[in-house]
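Chain naming follows the written order as A, B, C, D, E and F, and within any one chain the residues start at number 1.
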């Protein structure tokens, strides 16, 4: 199976907060935290819970770039 | 300045490919590659080029989660 | 009225789950299920409920492509 | 600091509705209402409440265009 | 016709830049510029050109919020 | 492998238009056309060309809903 999705960030689930329709999932990816807002249905079906190994996927059109032009 | 955007991944630009309207920017973020498809206008204005330090930003609603349920 | 949105999938609402801020709406589109996570406000204003005929809209930049390269 | 994000709409928060995982934030931007569905975590950390001055940000790939071809 | 899309910003096209696959469309919306990256196909079909009256549409899940906490 | 992505629409590639940075891919999905704007890199790597069997993936947060309230 191959995906057009360019960005795959392997990590570990650290927190899952479930609402009625939505769920917020926090991952540790290397030195960074990554937060996903997905359907609660997805969170349930994937059995997401702290400690689980997962991969965060992000489409290239959804990535923004920020530069720091501030004075040192 | 504070942003609602949950995900900030600091990295280094490794490649910029420019079309007429769009530009593809590749970053090295820790051990991962991150690809952004942005407007060419943005790439020009931010002076993106290999070696530049930047931060990739991703909204939480744009992050998907994949699990590997394969047998070891 | 004409929309730049390329993708229009006519279908029927099969389920609506409402949270405080978000709502999950499931549609039957041909042989496929399509799930939308929208604001609860939208779901209320459009009067979404099972049996209602609607059209799912998706911007072209939000569609990913997956191929199956597995052995038959 | 410079952002690749093309669209910045300064406005005032008029309403915040919080669920468990998600929050809906309504802004007045000039003559228009703008609604954002963000994580509740973001809404809490930014201290969003009616009257607060903020800027709505939207990536260019997330903007659709509609024309009215109706007869006058 | 009713759309779940919360955000509708009426404006005027000020520039269209077309590539092979993508097109960048700039609008004047009140005091703000709004930039859309859409398919070239859409730009052609909608006959987008400077001076045309259009409406920019943005899904609530695609709006981010920024606050300025800097010292005056 | 399991994905949080709710929407999977199996179809056939009918057209691929490649620019420098972006590519537009058209699929036939049941009775509907589905258009994806992805990076050219993805289109090349996946070997997308007319006739290829693929699956379109769409995150639930990227689906909008439209109703027709017109008079019959």
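Simple rule for what comes next: a residue touches a chain if its C-beta (ideal position, glycine included) is under 8 Å from a C-beta of that chain, and two chains touch if they have at least 3 such contacts.
A quick note: this is a predicted structure, and the numbers were derived from the prediction, not measured.
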Set of chains whose contacts include both chain E and chain D: B, C
Repeat of interface E-F, chosen from D-E, A-B or B-E - more than half of residue-number contact pairs shared: B-E
Most distant chain from chain D by Cα centroid: F
Chain centre separation (chain A, chain D; CA means) in Å: 22
Centroid spacing, where centroids are CA-atom means, of chain D and chain F in whole angstrom: 27
Contacts with two or more other chains, residues of chain C listed in rising order: 1-6, 19-22, 24, 35-42, 46, 57, 59-62, 64-68
Chain-chain contacts as defined at top: A-B, A-C, A-D, A-F, B-D, B-E, B-F, C-D, C-E, C-F, D-E, E-F
Partner chain F, residues of chain A touching it in the complex: 1-6, 36-39, 41-43, 45-46, 57, 59-61
List of chain F residues in touch with chain B within their complex: 1-5, 19-22, 39-41, 59, 61
Residue numbers on chain A that touch chain B, as the complex places them: 5-10, 24-25, 27, 29-38, 42, 46-48, 52-68
Touching residues (chain side chain C, partner chain A) in the complex: 17-24, 35, 37, 40, 61-62, 64-70
